[in-house]
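What follows is chain A paired twice: with chain B in the first complex and chain C in the second.
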Partner chain A sequence: MSIPHSEVTGQLAEAVGPENLSSSPVDTIAHALDFWPRALMESRKGAWPRGPHWVVWPGAAAEVAHVLRIASSYALPVIPYGGGSSMVGGASPRGDRPWIVINCKRMCNILDMDEVSMVVHVQAGIVGVELEERLNARGFSLGHVPTSMTTSTLGGWLATQSSGMLSSRYGRVGDLCLGVTAVLSDGQVLHTRVAPRRATGPELLHLLVGSEGTLGVITAAHLRLHRLPQHRRFDSFRFDEVGPAIDSLRRCLTAGVRPLVARIQRDPRLRRQERAVDAAEPTPEELARRVLLVAYEGPAELVEVEHEILRDLATARGGEPLGPAPARRWWGQRFAAGFRMTPLLVQERVFADYLEVGATWRDLPVLYERLEEAFDRRGWRTRIAVEHARLEGACLGCAFWGEAGSLEEALESYDEAWKLAAEVCHANGGGLGHVYGGGQHRSALLDDGAKQRLALLTQVKRKLDPAGIMNPGVLGTEP
Partner chain B sequence: MTATPTSADGRLAELQAALPDLRVSNHVTDRIAYARDLWPGGQLEKLAGKHAPEPPLCVVWPKDATQLVKLVGWAKVSKAVLVPFGAGSGVCGGTMAGTGSVIVDLKEMDAVVRVEPENNLVRAQAGIIGWHLEDLLNIEGLTLGHFPSSLMCSTLGGYLATRSAGQCSSLYGKIEDMAVSMEVVTGTGQVFETGRDMGGGLGPSWTQLFIGSEGSLGFITEATLKVHPVPEHRLMQGYGFKRVSAGCEAIRRLMQAGLRPSVVRLYDEFDTVLARSSAEKGSEADTLLDAITGRVKGSGALPWLKRQALQIVLSRPDLTNRMIEELAPRISADGCLCIIGWEGDRRLTEVQARLGHDELIRSGGKDLGEEPGWHWFKRRYAVSYKQSKMFTSGAFVDTMEVAATWDRLMELYDGVRKAIAPFAFVMAHFSHAYPEGCSIYFSFAGPATDPIEAKKRYDRLWSKALAAATRAGGTISHHHGVGRSKARFMTEEHGNSLRLLQTLKSTFDPESIMNPGVLGLS
Partner chain C sequence: MSFDEYQKALELCTYCPKLCRHTCPVGNAERREAVIPQAKMAMANLVRKGQVELTTETASVFYHCNGCGLCGEYCEHDVDVTPALFAARAEAVNKGMDLPSMKQFTDRFYARNESLLRELHHTIDERYFVEEAQVAYFPSCDTVEHNPSVMHDTLRVLESVGVDYVALHDGEYVCAGYPFWAAGLMSELSFLAKEVANKLSRYKKVISDCPACVWMMRFLYPQIGAPISAEVLHVVEFLDNYAQRIEVSSTVPEAFYHDPCYLGRWLGVFDAPRRLMGRGVREIHEFTWNRERGYCCGGGGLVTDNLPDVSAKIAQRRLEEVLRTDVPMVVSACATCERNLGRESGNVEVVNLMTLLARLL
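Right, the complex of A and B next:
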């Protein structure tokens, strides 16, 4: 079927208003990509990326519904777009049909705030930091703080089941969600009903959370809130190696402590930027050292006890108390980390990305070691941190980068690095895609069990999106 | 094969031919014993002489997922219906036989597959009884932390299938917070693992989508669950609140203060009398009986008198309810009883109990000491087993557990109470508290001297009460599930999002062989 572009344009203008529709290159190029490093590397070749034919900014679920009905009738792919900060390639469909981007950011209002129940009803296009600031002004916090918070949207978080840096205490974004409004491909606006908890069949919002736009567009959500903490406390410990640090953290969570933040990483003082110009290169012993950075929040007396429990565990395992300063320092820079990679990505022959892999406590130390070894052997650099700790395990966040002879070779190395990472993860109990979702990229690297689970999503998608227009190709769905 | 394929004998022969190793019984005792769960409406039908709705074709006891896959294959070909069965203690008609149905008892799949103390995880088969699983974990110094009052007569698979919640849910979470991954056999005969041991992964959570599916999408055969160290310390404390609304407000503040008690229970005026009654030997139902009949001393010696007294009181429930309301403040000098429990690591327990105590006293609570808390603790599993006594005394009893966010909770309480009051004597307690809301557990008793009349009354009561719950913005079930008894309210409950459930059904059980009728799915 040939696409009557002007006819579609006219109908879309009617759906969202001509001022909220654009086919200008300024907009289509801006919406052509997300933050997937490989696509950004490709763009160094100098060619304009292929973008959507239309970008629309609907103001309400009803307008989203109208857009989806138009897209259905012409079988045009639709990509729901939040902040565009995804790192896994979910912004451009394969195939040659022109597509529509639904930019959700005009839907950015707090619809209702129930301060008695501490529940907020908010539109999905709101940018994370704006939501948090507006909640803070009323004495509340969502407790969801991904590094991308200044760019990413609530809808993006829900669609990718985002995990923020406070996940040890507040869980993933799905754990904060009590209900969603979503528009399906035929234009039906669905509301899942809000209750503190119910036993009336499966909790249906979980079909939409994590579906990455393949089943519908999330337009609003009800979210649990927390009160701004009465008290916050930081603490830090240095260990000679990673093992005892992991063991201390595991035991602390097992005891029932709920840290706000708990991460194990290389000693930040070894970073070149932190060292004196004339300082000697770090020794292997120094490089093997790890620091455990931790924060707690809540009632002061409870925080004090939680702090004591970890302190006792850590010092008994050789952890040297460093006091609050290192952790507080990390906290102060917590949003900067996400953007440290950006300068690497504009260098001609450099490749870089960020790998996040979940594992149970038993598998974690081995996986850590194998991953580091495998990349070292290839001469690629890594920075691995233990993050998102919870009762049964934690996530390894691994930034990796390397340099190649040319852009082409850098792209090859990038793909090789991911293949290597996937092999190491599959062999050592690691689960890829713990934080960032699947997009087009991660979904192809999964083990058999995970692929089987995604195949089920494809089956559900055929029923809810028979024309296959909703973000086709991500999470292993048909392109 | 001599029998015609359509006859019961013929179908049974086909099943045995298809699965020669599968244990099967079509003995009449088994077929009647397995025909229903403990839905009180079903008990009334039994009193009316209808023992089984439709006795099943047979009962089978599969040994593993492979047999279940074959069973599903057979059911698809022979158009049979499969009804998963745990321990049969459901109270919503979730397991109910239909014509030609096969009851699939999973209790032979009851092994603990592995315990991983270092990961705080356990892997167990779905047919294990909750109490056994907890016992085996305790030997390893671990606990699941899931304590429904049916613990001794319910299975892990049942918990997962119905979205069960236990008495310590505020600390350990509900079953969906414990489950990390499950093995399921779908209605298409596919076996798959719903997640990973360290949860996360990509796409929608199939673990969350199969929890609560009440057997309508497939069988849950195994699960990996989070476990905790056996608590080294436990504290229980009672508080009194002048009115139930003041108690609710105190609990809201407690839950929103960032504290995690293990137990939170608040009894309304009349339920307080029951909860505090000193019937050490007794169960809640005994006391209910005693309470309703004005403690006629006659157990054993004068059962007739007790029965008559019960009838007199229950014949005018509206009057009794109003009377109780008037008398409430005088019945219990300390007002409404609230029980708060704390457990876990010693230091965490002590500091939280202290902070929680201050919060409750600030909110107007009167310190009643440890005794009321321990009194409840000792009897916490007693309630589930004494229903039949009420039925044989000529009364029906049932419970209804609803929930809402705090802003609607009192409206929900009043609305449901008023809806039940004309039909039955009603009382309630609040438990399973959250920062954003709470559940309310209504217990009610009505006259059932004439079982046929009683069933009509019972059905009308439920219709009115469920309608009142949805009208007040609450959910129709907090943790018992829907089964068949609440199925007709699924549209009010879910609105148009029910389409998502129907999509799951048509994906995982396109031929509708899995427990049709539950959750309003046919």
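Right, the complex of A and C next:
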């Protein structure tokens, strides 16, 4: 179907106002890529992707509805856009069709704050840190702190079912979400009802949260709040190997402790050792060591009890108490991780990415070991941390990188690395895509069980989006 | 530095997941992806590498920067965005792709300079222009144009602590050239800087009420071959040595202190203005974004000229926190900040630190 561009431009201008519509290269280039490392590596080849044909900035759900009706009538693909920091290609146009990007950032207001029920009603285009600062000024916190918090938006978090670094205590963003306003492809505006609990059939909310813009555009949400903590405490333990550290953390969670932060990572002393001039190579024993970093927050008495429970569990399993300093240091640099991949991605022959694998406690230690071994055998570097610990399991966050002979070889190695990771995960009970969503990338790596789920989701999508315009090509649902 | 010398910074920004978005006053005001620091730097990089054509349209994003440097404060890679984007503006000028509003900028600059020189001599008594003085006061162009009483207030406060030897600089220029730097007019800047440096080098000390002038003379002039042998200080740095001598006859109960970007983040002067303010203000309120993280008033980077609505929104955002309180006053130490915030402050008074102290003597 040939697209009458000027006709569409006129209609979009009517929908959002001409000042909130652009086809300027300045704006389309800025929406061409998100932070999917593979696409960024590809961009080094020469031509920069041209981006969408139109960018619109609607100011309300009604304007989003108008845009979607136009898009449906011309079968134009649409991307709802928040911060554009997706690591899986969820927010970048693909293929040759003319895309419309719906940039949600004009919808950035707190609509209502119910301090009695501790519920806030917010528009989806607000940047995370701005929301948190506004809540903090009134004595509240959302309790959702992803590494991308300074750039990502509430809408992006909800669309990707984001997990923040405080998820052990506060859960994923979906656990904080009580209801959303979303616009479907036919322009229908859906408000899921906000109530403490219902038993009247499956919740549509759970269909929309994590749908990555494939079913609708989330324009606002009701979210649960927490009071700013009275007290925060840090603690750290060193273990000779990862197994007892994982076991301590598991027992802590299953004993009912909900730490604010709980992560197991490489001994930070190794990093200092590697940077030192003339330092000896780390021994296998030093390389095997791991530290457990924890933080607790809440009423002082409760924090003290939680601290004591984990301290006893950790020391009984050989954990050497290190005091608060290592955990506090990590907390002070908690956003720095977001910067670490960039120096790798600017190098022509280097490939890098971050894979996140969820697993239950029973499978986690073996999966950790197999993943590390598999990458080691190929000579690829990894940094694996246990994070996002929950009652039933946790996530292995694994940064990996390597160097190849050329950009083409780097891209091949990148794909091989992901294939390898998928094989290891499928064989050892791991589920890829624990944190960053499916996007264009992770969906192709899912196991058979996930494929069945996607087939069913495809049927749902066809009903809700008959023209196939809603972010087609992500999540693995077919148009 | 030429555009290509920023290659490393431009590359890092191009491949960064936009983590400094929240710090950019222009990006926050416009809520447009193309004008967040990462996107502006990426555009400059794509132009540099020939992946995107340099046109007046693509170059226009380089001018959506107020030069505050807050993004660099947050950057783990220590990328300094302001000079890189100003170098991109210079590239646009060299290729004839700068903003149409920048045409005849040099003519306008010198015409304004002439007018301000007349104003300076009209405002300040000739006895303050002393040829053989050791310490010269170099007032800012915005002070002379928009708030000349600050010059009288500064001299009065200095005299009150026994410093009666400061003379007004009687030169040909009332500006150290920040507008040229921000406009990407590097050859014009180089000419002016050499002229100014030559004239000011005869003093032992030069004090200015313009944080950007001080930063330029102290740090940028040497880089472009125009070092000044005189010690260059902001007025508050100089007066801080005499803070204990300031005797006020009355005080005000409370006021916010706004860190000017160039005095705070760029020159690292945070405590001196607070100490001086403390001589006359019983309770100093801090903005949530203060000191190294001080949020811009919206007056820099020629944004007031090219994007007046954006500049106003930035000032409004800065003042939101004040307007939620009953605090009636914001104090600063930069004429540009006072002018830009003052336009949006409603019933809240925005006042220069020297004016406040002079008022309380």
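To be clear about the criterion, the second predicted complex is superposed on the first by the 465 of 479 C-alpha atoms of A that agree within 3 Å, B and C clash if a C-alpha of one lies under 4 Å from a C-alpha of the other, contacts with A are read in each partner's own complex, and residues count from 1 in each chain.
Criterion: a residue touches a chain if its C-beta (ideal position, glycine included) is under 8 Å from a C-beta of that chain, and two chains touch if they have at least 3 such contacts.
Worth saying up front: this structure is predicted, and the values here are computed from it rather than measured.
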Task: Which of chain B and chain C A:Thr342 touches, first, second, both or neither - done: second
- [ ] Using the superposition on chain A described above, determine whether A:Asn471 touches chain B (first), chain C (second), both, or neither.
- [x] neither
Open item on the list: Output check: A:Ser92 vs chain B and chain C. Expected answer is one of first, second, both, neither. What do you get?
Closed with: neither
Task: Chain touching more of chain A, residue-wise (chain B, chain C) - done: B
Open item on the list: Is A:Ser148 touching anything from chain B or chain C once the two structures are fitted on A? First, second, both or neither.
Closed with: second
- [ ] Identify the partner contact of A:Pro299: answer first if only chain B is touched, second if only chain C is, both if each is, neither if none is.
- [x] first
TODO: Return first, second, both or neither, reflecting whether A:Gln265 touches chain B, chain C, both chains, or no partner chain.
DONE: neither
TODO: Answer with first, second, both or neither: which of chain B and chain C does A:Ala30 touch in the superposed model?
DONE: second
- [ ] Report for A:Ala47: first if it touches chain B alone, second if chain C alone, otherwise both or neither.
- [x] second
- [ ] May I ask you to decide whether A:Lys463 touches chain B, chain C, both, or neither, giving the answer as first, second, both or neither?
- [x] first
Open item on the list: Considering only the contact definition stated at the top, list the common interface residues of chain A for chain B and chain C.
Closed with: none
Open item on the list: For a test of understanding, state which residues of chain B touch chain A in their complex under the given definition.
Closed with: 116, 118-121, 162-165, 174, 176, 180, 192-206, 208-214, 216, 226, 228-229, 252, 256-259, 344-345, 347-348, 351-352, 354-355, 403-407, 432, 434-439, 474-482, 486, 490, 493-497, 499-501, 503-504, 506-507, 519
Task: Complex interface listing, chain A residues touching chain C - done: 24-27, 29-31, 35, 40, 46-48, 55, 57, 81, 83-85, 87, 103, 105-106, 108, 125, 127, 129-130, 133, 137, 148, 150-151, 335-336, 338-343, 345-346
Open item on the list: For the complex, give me every residue of chain C touching chain A.
Closed with: 11-12, 14-23, 28, 31-34, 39, 42-43, 46, 51-52, 57-58, 60-61, 74-77, 288
Open item on the list: If we count contacts the way the header does, which residues on chain A are in touch with chain B in the complex?
Closed with: 114, 116-119, 161, 163, 172, 174, 178, 184, 188-204, 206-212, 224, 226-227, 229, 250, 254-257, 297-299, 301-302, 304-306, 308-309, 358-363, 391-395, 429, 431-435, 437-438, 442-443, 446, 449-450, 452-454, 456-457, 459-460, 463-464, 475
